[in-house]
Amino acid sequence: MLEKVSSGRITVEQASQKLQHLPYEDLGFARVDHHRQVRRGFPEVIYCPGKTTEQIISIFAALAEKGGNILATRAQEHTFEALAESKKVPNAKYDALARTITLKQSPIEPSGTVIPILTAGTADLPVAAEAKVTAEIMGQRSEIICDVGVAGLHRLLGQLKKLRKANVIIVVAGMEGALASVVGGLVDCAVIAVPTSIGYGANLGGISALLSMLNSCASGVSVVNIDNGFSAAVSATLINRKIEAK
Amino acid sequence: MLEKVSSGRITVEQASQKLQHLPYEDLGFARVDHHRQVRRGFPEVIYCPGKTTEQIISIFAALAEKGGNILATRAQEHTFEALAESKKVPNAKYDALARTITLKQSPIEPSGTVIPILTAGTADLPVAAEAKVTAEIMGQRSEIICDVGVAGLHRLLGQLKKLRKANVIIVVAGMEGALASVVGGLVDCAVIAVPTSIGYGANLGGISALLSMLNSCASGVSVVNIDNGFSAAVSATLINRKIEAK
Amino acid sequence: MLEKVSSGRITVEQASQKLQHLPYEDLGFARVDHHRQVRRGFPEVIYCPGKTTEQIISIFAALAEKGGNILATRAQEHTFEALAESKKVPNAKYDALARTITLKQSPIEPSGTVIPILTAGTADLPVAAEAKVTAEIMGQRSEIICDVGVAGLHRLLGQLKKLRKANVIIVVAGMEGALASVVGGLVDCAVIAVPTSIGYGANLGGISALLSMLNSCASGVSVVNIDNGFSAAVSATLINRKIEAK
Amino acid sequence: MLEKVSSGRITVEQASQKLQHLPYEDLGFARVDHHRQVRRGFPEVIYCPGKTTEQIISIFAALAEKGGNILATRAQEHTFEALAESKKVPNAKYDALARTITLKQSPIEPSGTVIPILTAGTADLPVAAEAKVTAEIMGQRSEIICDVGVAGLHRLLGQLKKLRKANVIIVVAGMEGALASVVGGLVDCAVIAVPTSIGYGANLGGISALLSMLNSCASGVSVVNIDNGFSAAVSATLINRKIEAK
Amino acid sequence: MLEKVSSGRITVEQASQKLQHLPYEDLGFARVDHHRQVRRGFPEVIYCPGKTTEQIISIFAALAEKGGNILATRAQEHTFEALAESKKVPNAKYDALARTITLKQSPIEPSGTVIPILTAGTADLPVAAEAKVTAEIMGQRSEIICDVGVAGLHRLLGQLKKLRKANVIIVVAGMEGALASVVGGLVDCAVIAVPTSIGYGANLGGISALLSMLNSCASGVSVVNIDNGFSAAVSATLINRKIEAK
Amino acid sequence: MLEKVSSGRITVEQASQKLQHLPYEDLGFARVDHHRQVRRGFPEVIYCPGKTTEQIISIFAALAEKGGNILATRAQEHTFEALAESKKVPNAKYDALARTITLKQSPIEPSGTVIPILTAGTADLPVAAEAKVTAEIMGQRSEIICDVGVAGLHRLLGQLKKLRKANVIIVVAGMEGALASVVGGLVDCAVIAVPTSIGYGANLGGISALLSMLNSCASGVSVVNIDNGFSAAVSATLINRKIEAK
Amino acid sequence: MLEKVSSGRITVEQASQKLQHLPYEDLGFARVDHHRQVRRGFPEVIYCPGKTTEQIISIFAALAEKGGNILATRAQEHTFEALAESKKVPNAKYDALARTITLKQSPIEPSGTVIPILTAGTADLPVAAEAKVTAEIMGQRSEIICDVGVAGLHRLLGQLKKLRKANVIIVVAGMEGALASVVGGLVDCAVIAVPTSIGYGANLGGISALLSMLNSCASGVSVVNIDNGFSAAVSATLINRKIEAK
Amino acid sequence: MLEKVSSGRITVEQASQKLQHLPYEDLGFARVDHHRQVRRGFPEVIYCPGKTTEQIISIFAALAEKGGNILATRAQEHTFEALAESKKVPNAKYDALARTITLKQSPIEPSGTVIPILTAGTADLPVAAEAKVTAEIMGQRSEIICDVGVAGLHRLLGQLKKLRKANVIIVVAGMEGALASVVGGLVDCAVIAVPTSIGYGANLGGISALLSMLNSCASGVSVVNIDNGFSAAVSATLINRKIEAK
């Protein structure tokens, strides 16, 4: 019968059941997805650009009330100061390099293994730091290995043993982004590449590194958006959780 | 001492040892990397565009002689016919949908779990097929779930149970590529997204879907190059191998 | 209570009920959405590029069996010929200008009012024809008013009375696409603009007209994809149906 | 006879009569189109960027003198303050979120039905607010439904009943803009999509969302310029007026 | 009084009179603008791409019947052959280099002065030829000076006297299009620059030359579309006519 | 003989004579081209961006010493103030709208005819003002006709008589730039179009208007760089000088 | 004195003498620059695209008559066949891989040192071959080292000694073009990088590799146009000549 | 034997030896490559953008301690002031035009020959100055020849003798970048072209000049990134060193 297509797999009705108990909270200007922790394994994260300071504080407070851990990305220092002054979440912390506000109030069990976060240069550090903070709040341990760009190949080769042991690797690079390809060719795990907007004129705000990484001659490299250390960390953590879960 | 930077990690000399025993074979117009199977877990793959038929046959034959399994991607039918006529690798097979030539001569142990390969529409099938063939030759089982684009959301929801069980998911979509975001928001594993060049005018040969996927509002989505089913399969397989290895 | 957010509006459970009775049919390479006629007011339409002739025939036949009317867009002549030879849908018709295959087997009630489809030049006719065929199978009457581009303004002004009476207008134009702005400034109804890929070098495959229309100095103009007469017709028809329904 | 082409439609002379009684007022640096209310159903709107504060005040005052209602978009706060200090239009109001100045001095009859304005995230609110203010001054009631992006699909499904009742829907989304496609696939009315410039690196100032929406796999979606809530509201209001007029 | 804004210039009514006697002929798929010769000084020109052969023949014949001279641009050879076979315009001529069909049946008075059409290289000749044919049918004499690109500056300097005497100059160049700037710096008349799509990879179908010419460091250079010899000739001829008219 | 190619035209030697008496003055950081007035009919113009205030003052003073008239474009107010304080050119004037500094110290004979400079909107005025100031210092009279964009066509038609009398017309427009095409279709003289960077999101800093104007369906339109009122004025003035010279 | 600016350097008159004895030959459609061998050290090269077969043969023959060596690039096979049939230059040779026609009739003295031409993959060979043929006709010896892309770093390291000895190196690479950066970081000579159009979807016809190379984190890398092996060879040869000349 | 591919060239093992003695120093946020002077002939250079002032000072100090000469590029004035206040490198100098910090503490032997650095305009000076400072610290003498753009060709011709004597030439130009082609056509040495971001609207931040230079009709021109005077100087110096070494 057409109405109930299902042979050998879940029916549409059953699928819909999955969605109908999902809770959220309506703040008027935001619908806070309290179920995300259950469904995806990490809480709703507050992406700050485009939101007013008042909105950020309200969403942060609404999330904090539920007792979970919270991450706000791309937060400006004055936003954090306003949050601090509001005294609504006294334990929130600001990381100036990563531009994040975090609140850790429920226990986080650290992962067994460490994800290497490589950067091609020192200027890529803020993006790597965002990745590190993101991983950390998800319980994923990580280590930043900074300034191993391909212009001095021996600096990278000194890290080879560490890379060969990794379950998944994050590579952060601007300019021509060649580091992703070179690392990809040396290891047997997936590489999550983050292009950055660092570089002279025709890097086009990171487009150059983005295209490089998408065109990597080494397979096994997948790419997230420019400067998006957050998304790289989520992808890498989801992967490593599945590995450690086994 | 400066010469030997190493505190707490492998020395540069040790790192260099890693590289010095790696074999390759020089055909004049190609350096066949016989060591790739060991180093990365899969053989060198022949990307056909830009190579002459003669070159493809020679590389294929050189690889075949070593006894391993072989994959050639983006192969045109007439290339396969020339290979068949050459009688150098009589057991090679052509898959017209995936545009691949494969040779399976050494045993492949199938993976324990299956990777879902979703497509938004029927026109995305060739890219999904390339992913499937690639996974298969690496021993990774997969299942194509076709035509579950977001214009008819119930078609996707009927697959939810299967998706929720997956270790990693490949999403293949053209046009606006929204499927990657919607799937990403529903699952707790990494999503490897493949934009395709399918669509009306301003899809710009896949750039539209590529940008969509890079800008996914759901985190945990990473992206490979346009129409690059091969690379998505390698990333997904490397991830799943680590998971099954534990 | 958090679980059931609903004050003043439908609950999530109720919303989910909407989705769970939606039927589709799995052909392996396609999931035919038989419910679309009910949900959106028009059947699933077959977009031919990227599909094999065999797939198109199968989907067409599966849809035809349900007794509804069918539209396939961007169909090449040889695809129609193969369909005709298959004898599966003997009453299907091909329109060479619009590049469509249609099957009309259930009664179509014509709309009370006519939608004007303007073209800037003769070369824009195929896109206008696709719009006309699409409207027709949805029961929407339309009239193509061809070659009224702004280089000879008097040709457009001769149509002013007709335009002023319209409920909604489709404007199809390539090159600089100025017609959309000029028409938009003269009428009190919505204008759906379709940029076309017609023009010399820097029209960039229609990007020039697309940008023009998006930047229209006359408000009330919204835009569909390049050469996408189909989508313009769907938008315009959905609008006019609501108008006539009152 | 060639001179007077007319069979079955208005002559060119008659068309020209339409244009010859249209009034405007020449301020030297602007030609205020006092006839627009009659011709298009809404007054000339002042787009502020690129105009000096003095020019904006003069145009605003010239329009105010005619007794109609006025809208200025993309107005900076200091512009409004200068206008207030000038005491020329004491009843003008500033909306900081929408960045609009409005003057309501002639009666506005509210529409019978409400247009839903959906946003994918909180950061899209300013664009939605511009749309809401625009609709309002045209007499169109609207409701902003905020933060229903596809990363948490259940938030959108909770609004389904409301969406299914709408005559036309405005969807405001940045990042990958997938919300337009998902909504488009669920309803039987036209969707006016507004891409926003919200997002990480490769959203390219809104180009990513713009391309997504133009390439929507759900038909019935048409698109306005990036961040252009004003234009979306005009389109939607013109449509709904025709519907309510019947 | 507002209705009749006019102080010191023509009233709107008077302006409208200008438009109301303009004739055109409706062929169904085209509106032939027989008045263009009077209004703009040259007949409607048939731009062939996107038109069917049948349409081109019909438009050509309709224009021919009025006795004027006719130009069709970007005409393929087989289009001309079909026109010839139709025997409708036996005196039409085809120019394979310029890809034009012309019919000269009413007397053309040649201009007193000659417009130089420079090309940077031999490969730019087809575009120059299109310009020459266009000028000729408008009665404008011209001379192609071929292959004087800046890589061999002495070739250009040999033409200096001729250039210094010109009323207006057309410069046709691909690759980096530097010729327009160099010529512009040497003369005291306007230069109309035509970028061509000639060149290696990153000329991007003429975009490189187009941008060069728009950015010319020598002022007095204005630019037409890529490969658009036709438009350059019209601009140059309109300019020279005014000069000779005095 | 090869060495002296010349049949029917000036020899290379003669051509070289033209160049060898051209004077310039080396300031170290600039080579002031005192011969430009003779060769091209207007003095070297100072383009300010990228130059230090000190450099601008030095070049301005060096030019002033020769007794000619001077124009500096894109000058910021503080640059003019520094120039004024230096007391080196006490009669220099600043035009804040046009962002120009001018010095008139040698007699300028005004042209017999006036060039119309049309703008689509009020926001295009600064670019039009730059054109007007440029024309003026070259002795060319001009009139700005502001805010005649195509959204209110009657405003443009009220100017038709004036346009029909012009020798050449400058059209300044942002957004979709349609004004150039509409004007081009109404007149028999050349149109110099200037795209401006005015508009919502996808005007891409003027690229949208630029592409529109390059793709104008009305021939006889040539285009200068975005916001480059200066270059449009030079082109138009060079044209009109030739016309008046006859 | 202003007229004769020269302190410490050549006068303008002297400079002009340099240009006035330069010979060329006018074929009507081409001006053959017979002096180029003297001025630049290599003959005028025929770039075939956009030229008719007849034009190519004529230019080739005109150059051949002078007794020098000749190179035609991007020549299609049928062009060579037509040249051969014309019997005008019986000793011309075709290289199908490099797509060049060459004629060697005057002695070429081979360089003392060899320039390495590296390719990342086999598919880059045609571009490398064009470089090799170009170098050869200029007397420059070269060696193609094929398929040393960074995905298998040991293949490149095996060539390190050879690279360290080079005076200048050409690197030809498509996809992400990382090879240029890696090589650049290992050597002490200049690297001329040639991006190729090889790769999956978002390599954008070579733009990806081009941007990579321009953004190389290793300095000392300069770049020529996409697929332009010819230009790389000219640059490298001019450099090496100066080195060997000392 | 496969393991040790080497016939006629260095073995992979030998190659690896090259890399294993390369020293660097790990500062945590940077790996200072002290070996670069040996390997590439110039020290690691500090690219300042994206680094914090603290990081720059630390890296600068770490490099200074080794006794070599140091260059920091794109340094803002306040960075230098902080460095000066730190008193860690009292002899460091700031060049405001070039935006560089330099420390010269080990002897620099000046080159025998001088590299000309040409600029098209005065606004290109900062980029030329960066090139000059870079060359100087590498011991390469250079001379800036400013403002010789092609709009006044005689200014360039006055430098011809100097150009003809050069071993390699750097050309710095914005706008349409034509200077590179014109110079390239006049000399017999390699030209390193640097596009700059100087110019009106559609120069697109230097993309226009970049494309021009890549498409140069004169061969022998290679290009570095936009505004990258540093990289041009390194390339030119590496070339000239090889020349002088012979």
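Note that the chains are named A, B, C, D, E, F, G and H in the order they appear, and that numbering of residues resets to 1 at the start of each chain.
Everything that follows uses one rule, which is that a contact is a pair of C-beta atoms (placed from the backbone, for glycine too) under 8 Å apart; a residue touches a chain by one contact, two chains touch by 3 or more.
Computed from a predicted structure; not experimentally measured.
Undergrad: Steps needed, at minimum, to get from chain B to chain G via touching chains?
TA: When the steps are counted carefully, the minimum from chain B to chain G is 1.
Undergrad: Can you tell me the least number of steps between chain B and chain E, where a step is a move to a chain it touches?
TA: Minimum step count, chain B to chain E: 2.
Undergrad: Applying the document's contact definition, name the chain pair with more C-beta pairs in contact, E-G or A-B.
TA: So, comparing the two chain pairs, more contacts are at A-B.
Undergrad: If I list every residue number at the interface of chain A and chain D, are over half of them used by both copies, so same, or under half, so different?
TA: Comparing the two copies, chain A and chain D contact each other through largely different residue numbers, since under half are shared.
Undergrad: Averaging over Cα atoms per chain, report the distance between chain F and chain G in Å.
TA: Whole-Å distance between the two chain centres: 40.
Undergrad: Chain C to chain D: how many Å between their CA centres?
TA: About 23 Å, centre to centre.
Undergrad: Distance-wise, how many Å sit between the C-alpha centres of chain B and chain D, to the nearest whole number?
TA: Distance between chain centres, rounded to whole Å: 45 Å.
Undergrad: Where in chain C do residues touch at least two different other chains?
TA: Within chain C, residues 5, 12, 15-16, 19-20, 22, 24, 121, 151-154, 157-158, 185-186, 199-200, 202-203, 207, 210, 214-216, 225-226, 231 contact more than one other chain.
Undergrad: In the complex formed with chain C, which residues of chain B make contact?
TA: Going through chain B, the ones touching chain C are 121-126, 146-148, 151-155, 157-158, 174, 198-203.
Undergrad: Per the contact definition, I'd like the list of chain D residues that touch chain F in the complex.
TA: That would be residues 19-20, 22, 24, 28-31, 33, 35-36, 44, 47, 49-51, 55, 59, 195, 197, 205-207, 210, 225-228, 231 of chain D.
Undergrad: Touching chain D in the complex: which residues of chain C?
TA: The touching residues are 5-6, 9-12, 14-16, 18-19, 39-41, 45, 154, 157-162, 164, 167-168, 185-190, 192, 210, 214-216, 219-226, 230-232, 234-235, 238-239, 242-246.
Undergrad: Contact residues on chain B for chain D in the complex?
TA: Answer in residue numbers: 120-121, 149-153, 175-178, 180-182, 184-186, 199-200, 202-204, 207-209, 211-219.
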